[in-house]
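Listed after this line are the structures, all set down as structure tokens.
Both of the next two complexes hold chain A, though its partner changes from chain B to chain C.
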Partner chain A sequence: MEVLSHMFAALADPMLLLYLAAGVFLGIYIGAIPGLSVTMAVSLLISFTYAWDVLPAMAAMVGVQIGGVYGGSRSAILLNIPGAPAAVATALDGYPLAQKGEAGKAIGVTVIQSVFGGIIGALFLAIGAPLIADFALSFAPRDYFLLAVMGLMLVGSLGNESAARGVFAAALGLFVGFVGLDMVTGQQRFTFGNVYLQGGVNYVVVMIGLFGMSEALMQLRDLNIQPVKQDVGKIVPGWKNIIKYLPLSLRTSLIGVFVGALPGTGGDIAALISYDHAKRTVKNPEVPFGQGAIEGLVAPESSNNAAIGGAYIPMLTLGIPGDAVTAIVIGAMYIHGLKPGPMLMVESADVFWFIVGAVLIGNVFLLIFGFTGIKLFTKIVEVPKYILMPTIIILSVVGAYTINNSIMDIYWMIGFGILGYLMKLYKIPVAPVILGVILSSLIEQNFRRSVSMVGNSFPLFVKDLFTHPISIVLTLAILIMLFGQTSLWKKWKAKRQDNK
Partner chain B sequence: MKPRKLNPGELSFLVFLGIVSVIAFILSLQMFLENPSLSGQGAFPLITSSVLLLMEILMFLEIRRCPKTFEKGSRIPDRVLAVIRHLFPDKIAIILAYVIIYAILLPIAGFAISTYLFLWGSMITLNRSKLVQSIFVAGGVLIFILVVFQFVFKVVMP
Partner chain C sequence: MKKIISFVMAIGMTLALTACGGNGGSTTAAAGSTTAAGGTTAAGDSTAAASATDFPTKDFQGSIMWSAGGVCDTVSRAIAPYVKDALGGKTIIYTNRAGAAGGISTQYVHEQPADGYNLLFGAENPQIAKVMGTSELDYSNFIPINIFCTSIGVVIVSPDSPYQTLEALVDAMKSGTTLNMADTGPGGLPYAAAAMMTSVNGVTPNRITYDGESACVTAVMGGHADYSIVTMGSCAELTNAGKVKALALMHNATLETFPDVPAITTVYSDYDKLLPWGPFYGVLVREDTPQDVVDQLTAAFSEAAGNPEFQKILTDLGCVPCNIHGQEAIDYLDKYRSVSSWLMYDAGATEISPDSVGIPRVSE
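Let's look at the complex of A and B:
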């Protein structure tokens, strides 16, 4: 009973409810505006909420996170500019739907799926936190390395005309992530003696350039194309549609929870793994994937919001951040005198269960606010390009500057914008580049830890991949994915289709 | 990859990426040789740059079956012109130039002036018929951005 009273403390206190609701509402619109990010918003909230009590501060941050992860899908659908890395997969089918004039339908689906996934994530956080934390602890560094490799291979093969181009883009992103000081030795890598490069290249700058700026330049190629009028008559999906996709939603929400629970991974990897899962398991979608398949929205959106609940599991139970935002939330908790970790449930059980409750109630607010402003947002697509595209460029500049208040980030953003423009023009995918930058540190650190543990012996490292249960599963998954890209497999599959 | 006609400049772009991959490989190899250990700072960059090179080779193998972009015997200046036209149709080159000038002007003239000039310049370049309207629209967009970012979200502007 005491647990329930802590979980639903927000319901008993109108002010807490207000902070949570305001957080969700603001988060949606922050996530939806290209140039702003959830991570930035939560970082700013730390300074705003410094003098607040802990519960209102946590309510606001959780709300912004829930709203922001969903909000990123709006600009992904309407403008093909994901507002957050977790919305990269959403753009693959969301934007084609907007091009057909069905942005309202797409946004309606993403609201429902985000809420569904968010609630599943919250329930697992509430019920299974200790169990899932134990499972997450059994992941060795080599398993994190394998999981990150799998994530990159997935994104490299999604929606591309050539796996080689996708993997090249992913490797390019990894390389961009190496620029700066080596985390272990402190040695400069690929900085060419430039002091600005010592801090590395921020992934948000890369994302804004590759997605925001480059998309604006691409759109300017077709100034004469009239904006597509969006149908916003029926936004809320019917019950029949919700039930139709329920099995897929459930599976991808579970993927989201488990991937989100792995420290260092988050909604972005969860969304991509789920998108790939949907592609492999949904045999005959009404519309092919990549052309506006509803399943292509259901999978990533339920997954990336479920990953929020998942990310709080290691954060609250072990003091290890599940993703970038929970890393910031940990900082906020320390400021308020809390110690996330195994003792949090003992020493500050009220805060622990309040956060769990906030994740659950926040998704209810998402259901309410998620349907607001859709007509307004779809109007954005109808704004003439000669006004919209320069505005997007300015938002990209502001967004790049706000990260470190550095003019160099603006120049980097422009550089990546031009690179992204060329890549899109010549059919080399840009999504793998940003994932590569994000995962670069995770992959390399875990690879180095894994090989250090076996005395830098490559044969022993390979042997480890095939002798531990989790590693075997992940290694086999990667090998199967690799084999699936070979011409031998494709010929066999085509022959099988012909025989049918 | 299904064979398709390559876009003008596509082969050159792949060559450019190939050069970048080779440079990345050489730099990574130098770093690895300073500390030839799998857990050293050069090992993973070396592996990654090797993947870059391998994928580059695969990409070139894929396009060898693609029909040529330019006719045999076409002059190099004509090819260069075709590539430039493909990369920068209409007013993209001008807008790109505005972006670079804007970035240079930002620390000199400040956010408000630079942004207004960029917005108004871009709008009239993209739509000459809306000369007067663009003055007010650019001002409106600037005010909206300042209000939302500077006053609501308290973001420090460039």
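Let's look at the complex of A and C:
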């Protein structure tokens, strides 16, 4: 009973409810602006929540996070520019829908799926937090490596026409991820003695350049194309629609919770793995993936919002951040005199359950606010290009600068913008590049960790893959995914269908 | 009709007050729109203190050399409310400029005018930048305003580890067992502490490099590394809860908060000549900043760093408040640079001799 009263403290106090609601609302619009990220919004919030009490500060931060993760999908759908890395997968099917004039429908689906995923995340946080945290701890570096390889398998799905082009683009992304100080030896890699390159190239900068800047340049090629008239009549999807995708959203929400709960991986990787999962398991989508499949929206959107609840699991039970945003929230808790760690559930049970409740109630607000401003937003697509495109370029510059407050990042963003433009001209997909950059350090560092753990012996590393339960499951999953793409399997399957 | 007009005017006045409180800084300005709380008090402060002196006349820019959420970031931001009044009500606008182990922040602040408005919030890392070859700048190019606190390293293992004492751990390594130690890369605390163990005990672990201290602690808890040496702050709560076991402090005295964890000097007395040593956090300004500005900043920050509420936050983070400034801080930084640089060189972490970059060995 006490738990419930802490959990729903926000409902009893209108001010707390207001902070949470304002957070969600602001988060949506901050998230929707390419380059203004949730991480940034939350770190801005910290500076001025010093003077507040703990609960309002937490309410506002949780709210912004929930709103922001959803908000990233708006610009992904309308402009093909993901507002945040977690929305990269959403653009793949969302933008084609907008091109057909169905942006309203797409946004409606993302709201429902985000809320669904968010609530699943909150439920797992409330019920199984300590258990899931222990499970997440048992993930060894080799398991992270396998998980990242699984994410990389998505290249097969992204290289639309030519597999070779997709692989090339992903390799380029992996390479960009190598720039910077070598973590293990401190060796400078591809920095050419420049101090600004020591920290590497930020993947959000790459994303803004490849999606935002290059899309604007691409569209400027033809200013006279009439924008597609958007149908905003029926936005809220019906029950039938929700139930139809329920099995998929449930599966991808679970992926979201677990990937989010792993320290070191967050909503961006959860969304990519979920998209890949959807593409492999949904046999006959009404519209093919990449051309506006609803399943292509359902999977990443339910998953990245479920990852929020997931990320709070190790944070609230162990004091270990599950992603970049919860890392900042931990800092805020210290400033407010709390001690994040295993004892938080005991010593500050009110705060623990309040946060759990805030994640849950925040999603209710998301359901309300998620449907606001859709008509206004879809109008953006209809704005004349000679106004819209320069605005996008300015936003891209601002967004690139605000990540690290570094001018260097603007140059990188412009560089990647031009690169993306050329890639699009020559029909090389840009999405695998960002996939490569996001996964690069995860793959490399965890591979090196796993091999050096067994005395730099590759055979022992391979043996490890087949002797630990989690590793076996992941390895087999990857092998099945690989085998499923070979011509041998396809032939056998075709033959079997013929026999039927 | 009158009612409506007065209502509109009331709202207008509230908004104006909030806007004043925001002081126009980018951090607070973005924030100002959602909160009305505190607007009036902030406006009051700035008028009261402004007449006392002509410095400061504008807001400060604070560059934090580590990313948001870490200990350096938390300490740097936590002092803001306590130093505000002493800085004439002016706000510090914080920006995280992480990268190159602090090198990006030192570079940036050093490029700004030496007027005292650009504050560098940093940790110990730049003091080994010259021998590690990561940057041309270290704290000898800056004037310390205040060193808020130091942090202490602690050797941790999993609670069900076969090595329940430091001797057991060292003996196992001496007898030829290869143990995996989670570290954070060259120059980090685990790396330096392992270098100390190599020089004192003659044992060298197999280093597995992780992203940060909390990832090291996670690896120890999950059984993916045999041990790690991290700051007390990153594992204090987990130690209390019995999720990790602390074997020894890399310090020459025990801590009040952890009376059961022995100081490493009581286990191996040879550590006496190397300790106390550990990370520190503080605020600095560029060299050539006018002395009267430095004096005012020093007075303001030493008062804030001595505030019991701020010190409570530091203790919660596992730090030891020290509040040193002036010549004492300059000497402290100098000694720290020398000890650490030679430690790195002697342990073979770098080829660059401290002598060659003008860092003499400290006589014991």
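In this section, the second predicted complex is superposed on the first by the 476 of 500 C-alpha atoms of A that agree within 3 Å, B and C clash if a C-alpha of one lies under 4 Å from a C-alpha of the other, contacts with A are read in each partner's own complex, and residues count from 1 in each chain.
Keep in mind that, in the parts below, contacts are C-beta pairs under 8 Å (C-beta built on N, C-alpha and C of every residue); 3 or more make two chains touch, one makes a residue touch a chain.
Everything numeric in this text was worked out from a predicted model, so none of it was measured.
Colleague: May I ask you to decide whether A:S452 touches chain B, chain C, both, or neither, giving the answer as first, second, both or neither?
Modeller: both
Colleague: Looking at A:M481 after the superposition, I want to know if it touches chain B, chain C, both of them or none. Which is it: first, second, both, neither?
Modeller: neither
Colleague: Touch test for A:I414: chain B only (first), chain C only (second), both, or neither?
Modeller: first
Colleague: Could you say whether A:L367 touches chain B, chain C, both of them, or neither, answering first, second, both or neither?
Modeller: Touch partners of A:L367: none, neither chain B nor chain C.
Colleague: For A:F139, select first, second, both or neither according to whether it touches chain B, chain C, the two together, or no partner.
Modeller: Touch partner of A:F139: chain C, not chain B.
Colleague: In the overlay, answer first, second, both or neither for which of chain B and chain C A:Y334 touches.
Modeller: second
Colleague: In the superposed arrangement, does A:I242 touch chain B (first), chain C (second), both or neither?
Modeller: After superposing on A, A:I242 lies clear of both chain B and chain C.
Colleague: Look at A:F178 in the shared chain and tell me whether it touches chain B only, chain C only, both, or neither; answer first, second, both or neither.
Modeller: In the superposed model, A:F178 contacts chain B only, not chain C.
Colleague: Identify the partner contact of A:N405: answer first if only chain B is touched, second if only chain C is, both if each is, neither if none is.
Modeller: In the superposition, A:N405 touches chain B and chain C alike.
Colleague: So which bits of chain A does chain B touch that chain C touches too?
Modeller: Overlap of chain B and chain C footprints on chain A: residues 44, 48, 184-185, 405, 448-449, 452.
Colleague: Which part of chain C faces chain A closely enough to touch in the complex?
Modeller: Residue positions touching the partner: 27-28, 30-32, 34-35, 37-38, 67-70, 73-74, 77-78, 80-81, 94-101, 103-104, 107, 132, 134-135, 178, 180, 185-187, 206-211, 214-215, 217-219, 221-225, 236-238, 240-241, 243, 312-313, 316-317, 349.
Colleague: Mind listing the chain A positions that touch chain C in their complex?
Modeller: 22, 26, 39, 43-48, 50-52, 60, 137-141, 181, 183-186, 195-196, 198-200, 263-264, 314, 318-321, 324, 327-331, 334-335, 337, 339-344, 404-406, 445, 448-449, 452-453, 455
Colleague: Going by the contact rule at the top, pick out the chain A residues touching chain B in the complex.
Modeller: That would be residues 30, 33, 36, 41, 44, 48, 161-162, 164-165, 167-168, 171-172, 174-175, 178, 182, 184-185, 187, 189-190, 213, 217, 220-221, 223, 384-387, 389-391, 393-395, 397-398, 401-402, 405, 407, 410-411, 414, 417-418, 422, 425-428, 443-444, 447-449, 451-452, 456-458, 461 of chain A.
Colleague: Could you list, by residue number, the parts of chain B that touch chain A in their complex?
Modeller: Residue positions touching the partner: 1-2, 7, 9-10, 13-14, 17, 24, 27, 31, 37-41, 43-45, 48-49, 51-52, 55-56, 58-59, 62, 86-87, 89-92, 95-96, 99-100, 102-103, 106-107, 115, 118-119, 122-123, 126-127, 130, 137, 141, 145, 148-149, 153-158.
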